[in-house]
Each structure stands twice: as structure tokens, then as C-alpha cells.
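The letters A, B, C and D name the chains in turn, as written, and every chain counts its residues from 1.
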Amino acid sequence: MNVRLSGVFPPIPTPFTPAGEIAHQQLRENLERWNGFELSGYVVLGSNGEAAYLSESEKLRVLETARQAIPPDKLLIAGTGCESTRQTIALTKQAAELGATVALVVTPHFFAGKMTPASLTAHFQAVADAAPIPVLIYNVPKFTHVDIDAPTIATLAQHPNIVGIKDSGGNVAKLADVLRQADPDFQYLAGSAGFFLAALTLGAVGGVLALANVAPQQAIDIYRLSGAGQLEPAVELQRRMVPVNDAVTARFGIAGLKGALDILGFYGGPVRAPLLDLTDDEREMLQEILKGGGIL
Amino acid sequence: MNVRLSGVFPPIPTPFTPAGEIAHQQLRENLERWNGFELSGYVVLGSNGEAAYLSESEKLRVLETARQAIPPDKLLIAGTGCESTRQTIALTKQAAELGATVALVVTPHFFAGKMTPASLTAHFQAVADAAPIPVLIYNVPKFTHVDIDAPTIATLAQHPNIVGIKDSGGNVAKLADVLRQADPDFQYLAGSAGFFLAALTLGAVGGVLALANVAPQQAIDIYRLSGAGQLEPAVELQRRMVPVNDAVTARFGIAGLKGALDILGFYGGPVRAPLLDLTDDEREMLQEILKGGGIL
Amino acid sequence: MNVRLSGVFPPIPTPFTPAGEIAHQQLRENLERWNGFELSGYVVLGSNGEAAYLSESEKLRVLETARQAIPPDKLLIAGTGCESTRQTIALTKQAAELGATVALVVTPHFFAGKMTPASLTAHFQAVADAAPIPVLIYNVPKFTHVDIDAPTIATLAQHPNIVGIKDSGGNVAKLADVLRQADPDFQYLAGSAGFFLAALTLGAVGGVLALANVAPQQAIDIYRLSGAGQLEPAVELQRRMVPVNDAVTARFGIAGLKGALDILGFYGGPVRAPLLDLTDDEREMLQEILKGGGIL
Amino acid sequence: MNVRLSGVFPPIPTPFTPAGEIAHQQLRENLERWNGFELSGYVVLGSNGEAAYLSESEKLRVLETARQAIPPDKLLIAGTGCESTRQTIALTKQAAELGATVALVVTPHFFAGKMTPASLTAHFQAVADAAPIPVLIYNVPKFTHVDIDAPTIATLAQHPNIVGIKDSGGNVAKLADVLRQADPDFQYLAGSAGFFLAALTLGAVGGVLALANVAPQQAIDIYRLSGAGQLEPAVELQRRMVPVNDAVTARFGIAGLKGALDILGFYGGPVRAPLLDLTDDEREMLQEILKGGGIL
């Protein structure tokens, strides 16, 4: 199966109404606005989508809405990874039926100590065998405490239905090692804007960047400048985005991402408990950071 | 609400058929056999129950079956903790309707970095407010990478519907600190046999012990000897159980627990992928360990 | 070699003058005061002795002074562990010449990833072969990020010149496992007051407790009550000491330990940079904690 | 003070005779051979120099020998960081007297939990105030478990005698953040070949690379190609070096680095205990890796 994962993909948040239900209309409107940028597609139901906080049926309804609002020429990468292999397969099939283009499958992690190369290999191969759509491995040690290693990735890269990896670990030495060992058509996506330019330089084809939700043009510009060999302005832009990226990821988390969307005229809305919404002080700090980055 | 959590509770595994479906009949038979011991009750849908690998509807059917097989005088502690507060409340209510006596609520953990004292406090208080049955906090840093601290526990202990904590962390200094700060009726349950006797000595009322699945009498004996002030034989027994406990927890995981049950004439059966069943070599090692501990 | 390590040993801090030089006279006076308690001896040049901040020659002069002030019937356990085997052997020999009774040898740790069972075994055996005095293994994962495992300890326990372990890890399951596997005369010392009573219950012979510097009588009382089977008052005392112990260890570190000594009429004095002395606010909090624990 | 840290610096190992003494003659000969490459200088007494295993006097003698063998136009960067501020100052002064050009000062780390921004700032400022030569901060979380943060680095960058940082952490997002916040003349050196090219792309001026001991020309080529904007061959070379770099760092450690030097005709020699020399099997694997990387 052949799918090109080049370019920039925002992992979109799932908007909720003040009462905590999924805000389908606002999801649609956000997507329509993002559609105005030359993004290659979207990750729906990723970590930033609070997928961990959605019921099985909510996940499917979010995918339906998203598919309607995403033009056919843009990819819909659906987060379908669950803890068990069978649940992951089931959700992947349902997502494919609803029009998802690619399945983003996170490493299982509750029993992190048992997620050995052998168990991870068996898991991803079984999912890829059963999946009607291409599989993208999702490695995010910050949340999973599992860090799939380069030889295991290289083995999985041989599977015809495993097309790449979204790696949020930020280990660029590993990126170089993966691309050295893997098939030449295996696609590496940077999982955070913090090392996006570095990853592109070393051979990544694109990025799944929380930053791209709030600064889509800047993320696309880093991608284009890098592709055009214009490293100097790319480095300048990458540096300028560091505090913005930090604010919508590690520092303020999803509440920060949603808060920034609210400030920028998208619909951010509340996070689901146990996450906490931004305090007023945090919202002001965030506003300053967005101004400092030239986004606001 | 007043519920006594004294004594020994095995966190039972969820049996699966060779085809991977829930083996309700075998679950019943296992429980009938355990009912012959003076266990105070059972934890159903805990970590050892592979709850992370069950769908929402499977969880409810397991509870139904378990409730039928558990005599009314024994507690059914149901694992109802989910990542989001609303899912946790919903599942807790359903579990209560199905006859669960106590809800075991794990600390949410996917966004571990955001699980601050404030967010954990809000989560457990909201769940306890809504729960029709008493809530038992479940702290298991090995799996969650979240370690709820003593002051937060002490705050939660003031809630009339939060009756205690199952702590698998093994930090006995923290245990002493929790019991110093908390209300006198707050109940501490050791979450692993490795520090069961130490915890009892310091004021724990009982234990939720994977070991109690395979060595229920030995676990009960440690509890009784400790209560009777007979420390010497208790220490001897505790020491003898160390390798057995290690085999059915950290070393071989749930596959080890299920393998040991198979060896001992219970129904263990397969684990769900991505977990891997024991190899033949591991099964032999396990057999030796059970013999060494005087269980086989 | 036969040395009894039963009882309570404070790991004494090294006092410095305001100018940062070793305060030999104050070291003597502190020891004279501690000599009034039924402590079994002292650890000199341990972590709390800021050994990491002393030059080679300073270490020897501290040992000299300490030896003069410590009565012959009390043990002088000297911290002689260095990163390299040869340095450790050299310092152990010098310490023995200066009258140290036992050498406390920390696990090397700078290259923690290479401190395998094989390299640790070789290290401790070489040191024990060469040491003119008995060797006590010192395991303190909090500082070293190395946690020597039970089988390795059991192997080392067979060496006639390795008499025990001071374990500050607080893992009482491991303690039970070590005592199960090791020779019956292998002596386990709890390395922190937080799990002192639990450790004694499970077979530890004593403790090296920072708390014993500031609350020697209370530490001795826990030891005695436990030995006499009077668990209830022992538990009560252990609980009461938790915040005091926390204040002079994890919370305020060595600055807290020295600050508490100053408050109690010993000589604490300044810590060496890069450690920072207590702020005024911290000193007040400490005073309250000492009062709360009934020490002041 | 103005010193240019551009280019490639190998952190050289300290050679020992089979009897374990410092092999001064072999140190000289190694340096003479490295002098044939366009390296910008050397790091002496770094982590790879087994500085943790050298006595105070051995360190000075190694510096003396190195200074004699290093031409005046190449920098001698001396590892002078100790745990205490006073020891670090003393050793830095001695190193300067022996002709060291720059002092490489590792973050103190034994009491890692107390190494706060405040204590690290005070430490480096005190050292920089007292040092007769420029100070280079050395951040190596893998060994120290301390990771100095970007704002602290930016603060330290304002000190006229702190000229840069050698960061082995591999966090390129942090690199971008440091260079965004710090003075424009603050120099960033990559501390490992694994992310050397990525770091250069983002603004690093050079690298201190264990790899440069065994593959000096390849390391220099990556630096030059990057500087000339020839990213494609640079990426190819960077990828090819990944397994070689891994072999002489994380995988086989200093024993691997010394083993590789032996294979390549330098003098590697034994490591000091508790490190273990390579087994025969490991040496063969290493040989294959060197061949695979085109070094042998």
C-alpha cells in the first residue's frame, strides 16, 4: 500500500461543549478553517485528541464528523491504538469503514515492562495483517514509558502494510539509525515541533505537530524552507517557535493547546477531567507567549 | 459508609478461552474453589484482571459472572478506574448496579505529568461524590508512573465515601506517613505480597495480593500470624513466598500468574495479546519455583 | 571476621567552619555528646558526611579526629567507597590504619549502566580481599542510580570479609529476599529511618539513620521496642518520626540535618557549595517539625 | 575572554598500562597520531578519560603529558569539574597553570535532587569568577541524572568567563531554546556524534565526540559538509557512523572505545575496574561494526 505522509499534520484536539459532550459543530468549523492551509492532513484521536478520555462510541462519531469536514485530498490519520491487539484491530477496521486513510497505532503500554521487542513485533504485525488501511507506528515514550527500539522498527518496516512511524521521542540519533536500517520507503514523521527541522534535515518526510494546530503556516514554512535548502530562515523560525510549542505541549498540555485555539479564534473549549483547564494567570502567560512568537 | 477491608483479597485474573473470549464457566469454577479459603473477598477487573484489555461490555459481563459466584459475605471489589472522570463515574455506577461492594479506582495516568495533587484530588472527590458504593484509591506507580503523595491521600481520606487505599508502591515509609495523617478509620491495603507483613506490622488492615490467587492459605497465614503477634513464623513464611510472589508478578507477569494457576489445577489459560504466554522453559522454571515455595 | 552491627548508627555530618574548613573541634564535641547515648557506633564519611565534597587528605583527617573521640567499644564505620576499585582499596587500607572498624563501600556509579552484577561482584570481592577490616556494602539508589540486586548480594555474602549491607533503598521485599538467600550471619542494616521498624521486623539487625543524629534516643527506642516485641508503641514512635526524618533527609537534605543539629545545640554549621544552606523560612519550618516530633 | 570552540574535539581516553598505571608514553603517541587530523583540539579528563577513576595527582600528570603532546594551536579542554565548588576551583586553577586552554566543568550530581537552578547557577558563577581560563559547562544527564535547563544556561551564558556548553543530552529542542535565549556568542557543542549533524544544522559550533577518537576524519567530514551546505552526503555519513558511535559509547562504553583504538592501531589498553574489558566475543562484534562503518 502506498500513501505519502510528507508535510505537516496537526494532531487535532477533540472539542467539548461546556457540558462535556463532543462539540461536533465546532470540530467541523475548526477543520474548515485549517483546510485553508496547505496541511497534508490531520491526526484525529491522537494523544492531543484526548482519545484516552473518549468512549468507544464517541471515537467513532468523532471520526465520522472529521471525515465529512476533511477534503478527500487530505489524509485522515486516525488514532486506533488500544492496549490489546484485538481491540486495536477492531477499532482500526471501524475507522477504515468510516473513511480513515491511515491508522496511527500507539505502542501498548500499561504493562510496559512486558512490551518487549517480541511482543511489540507480534502486536504490530497482527494489526497490520488485519488492517484494511496502512499502519503508522506511534512511539511516544513521554506518555507510554515504552520506547520501541530501532531494530524492532526496522523489522516492522518490512511489513507491506506498515508505512512509517510517528516518533515523539525526539531522539535524532535513533532517527538516523532507523532510516539507515529500514526500507527506503519507510516514512518517518517527527512527533513534535521541537525537533522538526532537525528531523527533516536527517530524512524525516514530515511532522505531526501540536504546534501546527495553532501555527499551521509557520509549521508549513519550516517544512518548505527546509525542503528548499534555506536553512538559515528555517532555523530562525524553528527557534522562534520553541516557546510556543512548549506552551501547547509539555508546559500547559492540552489545556494550553485548547486555550491557544480559543485565543486565536478557533474553538478550543474545556478539557475533560481529570485534566484541568488553564487558570487565568496561565491564560495570560499563554497570550504573551503567542505574542512573543508572532502568532498573535 | 462503612466497609471493612481487613484480610486477604486476590486480584483475580480474567480467564479467556483458547479463542480469546471470556471464559465465564472457568471464572465461576475458579471462584468456587477460592471460596473454600477464608479470603475476605476478591478484586475483579484489577491490573491482574487484564482490565486494560477488556471492552466496556466485557467488563460488565465479567462482573455479573463474578457476583453470582462470590458469596454475599465476601466483598467484590471492582476495578472501575478509567482515564477520564466521567468514564470512571459511569463504570462505577454500572458496577454498583451489578452488585460490586467497593470500587477500586486507579489514578489516571496517560497524562502522568498533569496528574498533580489538584487534578487527582478533584478526580477522586468527583468519583466518590457520584459513586453509590465506597471508593478505594488504587496507587500502582509501576504501571501508572503516577505516585499519589501522602498529603493528597490524607486529604482524600476525609471524604466520607473514600474508605482506603490499595498501594502497590511498596514504600513503607509513605505508609507510616499516610496512617499518621489520615483519619483513624482510613484503611490501607498492601498491593503486593512482597511487603505484606511489613505493611501489616505498620498498620495495614490487609492486602490485595496476586500471590493469594496461587497461595491463598499462605497469604491468609501471614495475615493471621501477624495479627496474633507471632512474628517469627510470619517472617519465615513471608521469606519463603518471595520467589513465588516474584514469579507471578514482576518476573513472569500475568502469564506467570495464569501459568501457575494452570499448574495448580485452576484454570489459568492464555493471556491476551500483546502479552505473550509463557514459553516451555519459563513454565518449567515456574514449576520449580512453586515447588521451592512448598505450593506444589 | 566477626563484627556485630546490631543497633543504631548515625551517619554523622562533617562540620565545617564558616570559612569552609573542617571543624575538628566541633566534630569532637558533637561525638562526645552523642557518646552519651547507647548508639552502637558511627558512620563517618558517608553520604551525610559530604564525603563527595572532601579531598583525599581531608577524609583522613576527619577519620583521625573521629577515632580519637569515639570510645573503643563503639564501632567506627568509615565510608571508603570510591568510583574505582583501586582507589577504594587504597582508602580502605588507610582508614583501617587510622582505626576504622568497618569499611562502608558504596556501589560505584558514575558509569551506572556498566555496573552489572559481574562488575559489582568483581569490585566488592577485590575490595574485600584487600581490606584489612570487614566490608559493609552500601546501596543507595537515590544517589547512585544503581540498585544492587538480591542474587548479587547473596553471592557477595559468601565472602568471609563481607559482613552485611546498608541498604537505603527501602525495598522491604528485597530485604526479605536477601535474607532468604544470604548466609545466616549476613547482616542487614536499614539505611533510612522511614522503613527502620519494618526492616527490623523482617530481620534487619539495625540501622544507619540520619534521624539518629538529631533524635538518637527515639531511634534507639524504636530498636529496643521492636526487639522486645512491643510493636504498638514502636509503631506509634515510628509514625511520629516520619516528618522529622523526612526533614533531615529528602526534604531539606544535609542542610536540614545540619540546621536541626544547630537548633538542638550540636554544631551543624554550613554545608559546602554547591549545596545551599537553609533559608530563614526553611529553618523556621524545620523548627516547627522538630517541635511536632517532640524532639525540641 | 574569547576562545573559538568550532570544529571537532575527541574526548580522549586515558591509557593505562597492563598493571593499571597511567601510560604516559602511549598517551603521547596517540596524541601525535591524532595531531595529523584537522581536529580543533582535545578534551582531556572527560567522562571518556575515566576521570572518575583518577586520583588528584594522576589528573595533573595526565594534563602535563597531554599539554606537551598537543600543539599550541590546538585547544586543550581539561575536565576539571568536581562535586564541590571549592575542589572544582582548585583543580581548574591547577589545570590552567599546566596549560589547559578551557575548563570543562560538569554539573555536580551526587546530590542530584539538590542541584536546583539556584545551586547550579551559584556553582558555575563561582567557578567562572575564580577560573583563570574560560569555562565550558558540561551537561551529561546519562551519567549525572542532572539536566541543567535552558533558562539556567541562558543566565550563565551572560557570565563573561562562561563561553559555552557541551551538551550530551541529545535534546535538540533544548538546543534551539538555549541558542534563542543565550548571548549570540555563546557556543554550543554537541556531546555525542548521534546528534552531531542535527546540532550543527541548528546552530552548534562543533562537537565533543567519542567517535572522533576512532573516526576523526569522518567526524571532521560531517562538520565540513554541514558547513558547506552539502547536507546529502553529510546525512549519508552521519547515518553510516551511527552503529560505530553506538559501539564506542552506550553499547560497549569506554571498554569499546579503547578496544576500537587497539583494533585501529592506537593504544587503547585496559579500562580500570570496576569497568570490565571487552570479552573476545564483544571484540569480534566491534571489529565487524568498524568494518561495516568503513573505518577498518
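The rule is simple: a contact is a pair of C-beta atoms (placed from the backbone, for glycine too) under 8 Å apart; a residue touches a chain by one contact, two chains touch by 3 or more.
Keep in mind that this is a model prediction, so the values were computed, not measured.
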- Query: Which chain's mean C-alpha position is the greatest distance from chain C's?
  - Reply: A
- Message: Can you work out the whole-Å distance between the CA centroids of chain B and chain C?
- Response: 36
- Note on the structure: Distance in whole angstrom between the CA centres of chain B and chain D is 49
- Note on the structure: Check: chain B positions touching at least 2 other chains come out as none
- Message: Per the touch rule above, enumerate the chain pairs that touch, sorted by label.
- Response: A-B, A-D, B-C, C-D
- Item | Residue ranges of chain A in contact with chain D within the complex | 170-174, 176-177, 179-180, 192, 194-195, 197-199, 201-203, 229, 231, 235, 238-240, 242-243, 245-246
- What residues of chain A sit close enough to touch chain B in their complex? 20, 47, 50, 52-53, 55-56, 83-87, 108, 110-116, 118-120, 122-123, 126, 142-143, 145, 250, 253-254, 272-276
